[in-house]
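Both complexes below contain chain A, partnered by chain B and then by chain C.
Right after this comes the complex of A and B.
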């Protein structure tokens, strides 16, 4: 029926089945993996990635990209962590963290949406600046005496299945964002802008505003992830969050979001994030060193992007050929066009 | 400018004294027009007359430098698309701007503030009342151009547009689709919607408009009720004052005893089938047909851009069937695409770079370093021969007018020294003056013994230039005409498949 919906469903379902397949394969190789605690650990460790990937999904869906999320996460983690260490109230620290996200989002949005700079390069520059600011702020020192009370929240889990409240919260947040994106008028604008920015303008959608907001959402999500990072890991170094942008992009792509914009869903990117963060766990159970982690993440990213691009070109060509063939069919009576 | 009247109560749209420049280039110089309910105002004018710019200003996509736009007596803020939309102005652009990854319904209903369920019902009702049948769940990237335009029109109708702007809506439509579009326009007119209709086709002007305006050089030079005009008067109004009309040469001096340069034998591919034809040295073979008949697809397949499904192509006796584009070019065939912007030009390169871009691999252009002297000579030769208006060889191609760009593209194709050149819609979208120049270039080529395969949807072009003509209808060659038989009636009826085998 609705070819778009079915396609989207298919894209998300494919990544979901891939996740299950991955678990099954590793389970066959090493049955010890299939314990509840291990499976739960895969989900629990994905919290930070799920949040940044959902944010990243916004910028990719509008047809851009944000590679500054890793440093935005790091910057927030360093500031929030040190504030809490120095006895600031959590609420104030969190507010400052979110404010960092908003500022970073505004800078990216200004450069990309308003000044029309190429997003990859602009956000790469912002990434560098933020990483540099982290060094200046900390003088290169780690933030390591984060209060136990803050760290402990991350361990609180549902009894029995051992899924942390953090993961459940991330899941709920993803679902809410998904509903906002698909069920509200403004939400639909996000994908519309990525699909055809000029067309969006003509029906009264402001592509600049939509892109700007997408960048703010993306950076704020990265900041939320930074706060969770603080609590979960309990130590923030100057390299915290380094390289997370690649994981987030890979998660989005793996979850069925097209890098050309306009296609995909945040549910998909969340599933992709779980897969990406599980890989380091799975490697251990398959007897590999986790040193392979980045190389594997990169390979997955490349393979999916290439396959996706080839498939898109193929289907476009096939469609064109079908349309042309229809014109020269032998049995063609004056064609049954519209009225 | 003279009737710079206040927005009258009965004027749906009033445009007063609009000026707009892009940098030094003044595009609109005191543009004034008005539109009443139920009027269809046809705007005609050469390229660069400022029609599209004006429409974009009315839509609030561009901001004008001075002047005022009133819709329903209310002054519009310059550059606010949302205000234009909410005041009931809707433009169907020449190239429909749909969201390819969305369904038809999503495409139509996006951007509204009303509840979706109510909109859905209205959409279904609207389609029923005008007798259109479009599957709402289809993905937009599977639609034909005509269907995409219907989607755009529905968008406008659902917005309860009072003013519809149609920018060359028929340029990509088949004959039947044009008919059904006109039916819709007449319905809308009866409903009191004001329509601005931009076109290059004079026949259409007389068929559907109530008023006509000729735009030249950034202002309206002639305007009035359609009854006051004849086709000849419109043509006269369009032509720049200096253009000298040339008479059609009726004799052909092609030597048909020579071996053909190009021969197609039962050639088939995507979009065309079983085509056999021959082109002789020094001959211009016109290929007529409606848009979408499969002519471009045939040309592109010969040129190695798509898969051959059957048959043979011989160039000077050499089998070039299914060769790559590079090899076909080397063998002595070149193709000038109908879509200059997509496949024809290097927009931000200089004129000289464009002309020599196809022959950089040739040894006479220098072995390691390019022979820039040679490049200059060659470029100057084309600039002089073709009367290309440039400030210098180093002028950026994108800054030339459409007609001059087209001349450069033809020069670029000729620089490869082909035995046969395929020209696909060589004068589409260029003004009358440049058109005459391009015609002279084409005639000059055939005099030099070059064979030309001329694909054109402009019957007058085929009549003026061709030594022989064929028509293609629904992917098949259905008629061939000798010089003496080439006339509007024969070509048109064959293009629409009326003669040949009984189709209707």
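Right after this comes the complex of A and C.
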């Protein structure tokens, strides 16, 4: 158990070191990058991704996946944005936004946890439905006259280090969720179910309920991200949030969460999200055009998962070899005693 | 006793498979009936073909992705390879001065390399198919964008004005109908149907999907079989890219970026299990026709904006999945068994 914990710690530490290494390399190439404002900008621009990746981490840690978060984010952003534009009170708009998240989470949870439909494909379908509903709701138009007062909150930052309050809030949220997941009994259910659903059932954990709740949390986080998106970007189109689900999955993988479930932490996925959203910013400082963005993101993702997977296979083979050797040694000892 | 059980089970399975394809055929007929009654223009064969041709590339990829899914994997990078193929044909022909057929060959070779790369990671390095192809979809879309910047034409405009011989490959007409892409689709379907259902290689694909360990113990190089399915799906994406480029006379880097959900939908609707081991080409073909007709019929007969069509297709996918999940759900299976025993008791 102890060694397992250090291993888990190592997984998120690796991605943290990778982030620092990334910053250092870019700093070496272009020293102008190493200004407080630039590094703060990397963190600030990642707020939306951090929130959806933390939500996504839940579904991946229980051994499923949710690729409807992109459209859930877009749907919430469209509804909340248009409500605020039409003069609804913010509290009501936010409540409606969160409600959308809860409904989407319930649909996904019903399909995957209760009906046991394959999660990737089911949520892909829900993603399509939500995207279609977005078109129907907006009639294809953009939501672009969002009040300035709402947009301005996103720019408010701590004086001196220039980190926005949004990022600080996201950071605190991530840490609270991390503590809840690691220090409380109910929180540990999530990884237990992801690691071995049948085993969890035997010790009295309800995997269906845990998965259902994970989906609701994931969708609600996507809705929160949608509200932040609305405030940060200030314009919502019908394609807003399109493809964010893949970025969030990539962020989780970069943060050391295994897609087979049961391994990883939300801190890791938050770091992964910062890496994912910083890449395009870093490329500018390295003198590349932003056209290279996808290719470099994809290469990093592939390299990391391949190295991780090969190392895991190696360690498994080594363990098996050691076990075999230990067993044969025991046999020899007992044979010797018998003789 | 045992053997009797097994053979009846097999018979049931066969029946279920046939039932599903008959169900798909019935859906197609109902669609034609409803759309045809609502708007007789729907039955105009030439416009029907024109609309189906927009959708056929997705079916072409779907047929190959069926093989991937039968092995228990998934492929979400095919859409990116479509764009990569298309833009390579365009740039190689226009800016590098290659002969158009050489450009096509180059694009196919690069697509195969893409498939080998991802397939290698999945089969030999043990990376989950979902993550590897996710990385692949980023990487190949990025590569496509990079290739498009090598051209003098801005990437948002797309490269156009291809030679007539290349365009005639899919844009020819028989009477009023232009069936080019549909013919390619049919040829691909027949070839892959034979490969999957009538050859040794096809049996190996099924066995790998049912139980890879049993496969490797019985002397099958399971890793190579898995790798080959990803290469095939990349080839499928390349074919779709070529067809699209030729049919629309335009090469763009983001040509297939919206395909992923549609590809998965046709494969799953066609009766292929995402857990592997079960599936057939005919189902995918029928599912392609169903979705193609929806995409043609809903805007024409009910005036639904084509942009909204994600919703009905998503609903279709979700309903099929829920229905299929219900059929194998333990609670429902128990309930049915109970009903059956009660009926037998009543009969006795």
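Following the convention adopted for this analysis, the second predicted complex is superposed on the first by the 328 of 339 C-alpha atoms of A that agree within 3 Å, B and C clash if a C-alpha of one lies under 4 Å from a C-alpha of the other, contacts with A are read in each partner's own complex, and residues count from 1 in each chain.
Throughout what follows, contacts are C-beta pairs under 8 Å (C-beta built on N, C-alpha and C of every residue); 3 or more make two chains touch, one makes a residue touch a chain.
Note that the structure is predicted; figures quoted are calculated from it, not measured.
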- Query: Is A:319 in contact with chain B, with chain C, with both, or with neither (first, second, both, neither)?
  - Reply: first
- Task: Kindly classify A:191 by the partners it touches after superposition: chain B alone (first), chain C alone (second), both, or neither?
- Result: first
- Query: Which holds for A:175: it touches chain B only (first), chain C only (second), both, or neither?
  - Reply: neither
- Item | Contacts of A:262 with chain B and chain C, given as first, second, both or neither | first
- Task: Mind working out whether A:204 is in touch with chain B, chain C, both or neither, as first, second, both or neither?
- Result: first
- Message: So in the superposed three-chain picture, is A:129 touching just chain B, just chain C, both, or none of them (first/second/both/neither)?
- Response: second
- May I ask you to decide whether A:296 touches chain B, chain C, both, or neither, giving the answer as first, second, both or neither? second
- Chosen between chain B and chain C, the partner touching more chain A residues is C
- Item | On chain A, positions contacted by chain B and by chain C | none
- chain B - residues contacting chain A, complex: 59, 61, 81-82, 85-86, 91, 93, 97-103, 106, 110-113, 131-134, 137-139, 141-142, 144, 146-147, 150, 155, 176-177, 180, 183, 270-273, 292-294, 297, 474-476, 503-504
- Message: Which stretch or stretches of chain A touch chain C in the complex?
- Response: 65, 111, 115-118, 120-122, 124-133, 135-136, 140, 238, 246, 249-250, 253, 259-260, 289, 291-299, 301-302, 305-306, 309-310, 312-313
- Message: For the complex, give me every residue of chain C touching chain A.
- Response: 74, 121, 125-128, 130-132, 134-143, 145-146, 149, 260-261, 264-265, 268, 274-275, 305, 307-318, 321-322, 324-326, 328-329
- Note on the structure: The answer for chain A against chain B in the complex is residues 1-4, 185, 188-189, 191-192, 195-196, 198-206, 262-263, 316, 319-321, 323-325, 327-328, 332, 334, 337-339
